[in-house]
Amino acid sequence: MIALIPLSAVVLKSTDRGWDSFWNAVSSPQAWAALRLTLIASVVVVIVNAIVGTVIAWVLVRDEFRGKSVMNSIIDLPFALPTIVAGLTLLALYGPRGPFGLDVAYTRFAVVLALLFVTLPFVVRAVQPVLLELDQEVEQAAESLGASKWVTFRRIILPALYPAIIAGSGLAFARAVGEFGSLVLITGNLPFKTEAASVFIFSQVESDNVTGAAAVSVVLLLIAFVVLLGFGWLSRKVVRDEG
Amino acid sequence: MKGRLGLRFVAIGYLAALLAFPVGLVFYRAFEHGVDAFWEAMTTPDAQHAFWLTVEMVAIAVPLNTAFGVLCALVLVRQNFRGKALLNAAVDLPFAVSPVVIGLALILIYGRDGWIGDWLIENGIRVIFSTPGMILATIFVSLPFVVREVVPVLREIGTEQEQAAETLGASPLQTFFRITLPAIRWGVAYGVVLTTARALGEFGAVSIVSGKLSGQTETLTLLVENRFQRFDLAGAYAASVVLAILALLTLLSMNLLRPKEGR
Amino acid sequence: MGIVVENVGKKYGDFVALDDVSLNVRDGSLTALLGPSGGGKSTLLRVIAGLEEPDTGTVVIDGEDATGVPARKRGVGFVFQHYAPFKHMTVRDNVAFGLKIRKREKAEIDERVRELLELVHLEGFAHRYPSQLSGGQRQRMALARALAVKPKVLLLDEPFGALDATVRKELRAWLRRLHDEMNVTTVFVTHDQEEAMEVAEQIVVLNHGAIEQVGAPQDLYDRPANDFVMHFIGPVAPLGKRWLRPHDLDILLEPEPGASEATVQHVLHLGFEVRVEVKVEGGEETWVQTTRDRARELELADGQQVWLRPAHDPVLEPEAAA
């Protein structure tokens, strides 16, 4: 109840002046630009995460080197670090005063960078346990049958990891769509350029346009639910198809 | 062998560029003018107030969420009722919903023109732009952690130990405190650590209901933003480092607790 | 006094776990609930303990109506199949649990726990945790824990099920001796007829939620009430329209009135016991259990012509069994 009542308030508020005002709020150029940026950035981030996250998980499970346990524990840092600190942290290195002269602050790339930071652990932590459980004998069997390393990976390992990769990606996507704190400092929140949907909602609340904020919130909620349900369905379907 | 080294390089490089270097640099920036400058930045009245407000919020939100989380997990695992699937999904909601939306939802309920906001204000209770609202926001965003950690542990231990205690004469309350709670203690501890980390670090939801009144409704995370906006970079870095140290302590306790889960 | 179960029924959805079961367990006796899995024996034990509520019927323990009384107030000791050790407590604290709940004096608890650990031969293990014990030791700890509160009845669910063969044999004998010493009414569940015969004074055979027969081990073996008990309680050899125990068949080398002609298919030497597989005239296959000496005397060999004769009247006519 604690969770459901407030959210239903948001849904009701978004339509309290009729569907037209809901639609107007969502389709206003600024809102639309914010939603589009959030969606595109989230898709990019999920793709990068799915690939790099799987690589990191593989290295953590199958590779052996000094400092691996440290690496394993700092994976969770984005979960533990406050998002506002994450934003400031990235700004320190990739901002105007950065030591390497890499300045991406106030660009769309900054949005992607911040979202990459906060969503890093999802795919890694979803894939890692599955990889640990995976029977290495199956891989060795494939290799003994003449499969190359790459074929073994693509035909044997990867299919087993798909459900985990998809599940982790779904969580990362939901997180990316709603992310706020890490974006505030590094993106500059320039309307039409670097203003993400959550930041747009925030500015609407500050300028007392609560109905407009609620309308965009509902769209975000819908996206999050569709994505979580969709990715859940997809990961179950993959498992089924494997038999 | 070459492929393996390549992948290792990619993984380490990615983590270094995204995590290690930036965080390290913040520490460097915070202390580049010496420990004294850092100390000064963290002992201003604003900083002290923000620190204690953060502590207060954690001190209220964490015990409440722990009690609720254990209760909720018990209900989810040990009872069967209609709407259980709904409760299960609702518990996870705060994970799927943007913190800004959570903040907005609280304003719509407790704020001016809100469902019960006007009534509260007439009776002299201020929730939004005040500490109660920020505590509510914190409770909301950190709600699922204890439940999510305790549910699998409860499933794992089963009901036999509880039944054994019952046949030995223990009342339901005695069974809970002497058998169930000790059996799930590591799961609870892990959940508490995660809840604490989230409660300390929440920004979006707290920010939207706080009204950002410096020295009144400013937590540590809000202090970081405020100082940054006022071009007090050194001050922002100092506050960030305090939060980052707390985050590292969280990681440390997670690592200490994790191996014991298996026992 | 003991335990009196009357007309107990229990359903899980459409599945009938117990169907109008009535049973008398004599005070101080040692009783086995025997049957195939899913036969209702564990459910009956849990109903007696108060861990399951029956849909119908009553349970009387030691003269007091216990129906509806919660497990914690029934004064029963229960040993779970997997022992349900309190993993976060030492052996000592496990055994002391029931006494602490009853708020006994510390000195009294210490004394009683020491006594019990001695009884179950775990004196040196008081400060170990359950994870540091072997299966048999955990089993004995669970028993001590159940006995600590001086229960009116002791109930054990598949007490030897999770142990390996050697430990199981040892514990059976030990449980019987323990019962003789303590003299507490004891009921245990098992699916192993040999175990039931070896340990119990009285066996209750349960199948499909109903009692098939109650009696002493020897009664069940020699005078099974029906087809099911006959097959469940021991080996069966068919001969014509009769069912016999395989050692109740005599092998003869010469024909005799009433004896059936048969051919030896195979002779299996199992040490003291020799198993002779035969094909009776007409094609029926059966077997005879005999001793090594007897087999030697007859000089049995594969393909040999013999005659079979029942040693005494058949145990059960198949037609008679419903």
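Each chain gets a letter, A, B and C, in the order it is written, and its residues are counted from 1.
Convention: contacts are C-beta pairs under 8 Å (C-beta built on N, C-alpha and C of every residue); 3 or more make two chains touch, one makes a residue touch a chain.
Computed from a predicted model, the values in this text were never measured in an experiment.
Central chain assignment: B. Criterion: smallest distance from chain C-alpha mean to the mean of all protein C-alpha atoms. Ranked by distance of CA centroids from subunit B, the top chain is C.
Subunit A and subunit C, compared by their mean Cα positions, are separated by 59 Å.
Chain centres here are Cα means. That of subunit A falls 19 Å from that of subunit B. Note: centroid distance subunit B to subunit C, computed from Cα atoms, is 54 Å.
For subunit B in complex with subunit A, the touching residues are 3-4, 7-8, 10-12, 14-15, 18-23, 25-26, 29, 90-91, 93-109, 114-115, 139-140, 143, 194, 197, 200-204, 207-208, 220-222, 224-225, 228, 236-237, 240, 243-244, 247-248, 250-251, 254-255.
Of all residues in subunit A, those touching subunit B in their complex are 2-7, 9-10, 13, 52, 55-56, 58-60, 62-63, 65, 71, 73-85, 88-90, 92-94, 99, 113, 116-117, 120, 149, 171, 174-175, 177-181, 184-185, 197-199, 201-202, 205, 210, 213-214, 217, 220-221, 224-225, 228.
Per the touch definition, subunit C reaches subunit B in the complex via residues 49-51, 70-74, 76-78, 80, 82, 84-89, 97-98, 101-102, 131, 142, 145-146, 148-149. Looking at the complex, you find that subunit B touches subunit C at residues 160-161, 163-171, 174, 178-179, 182-183, 185, 263.
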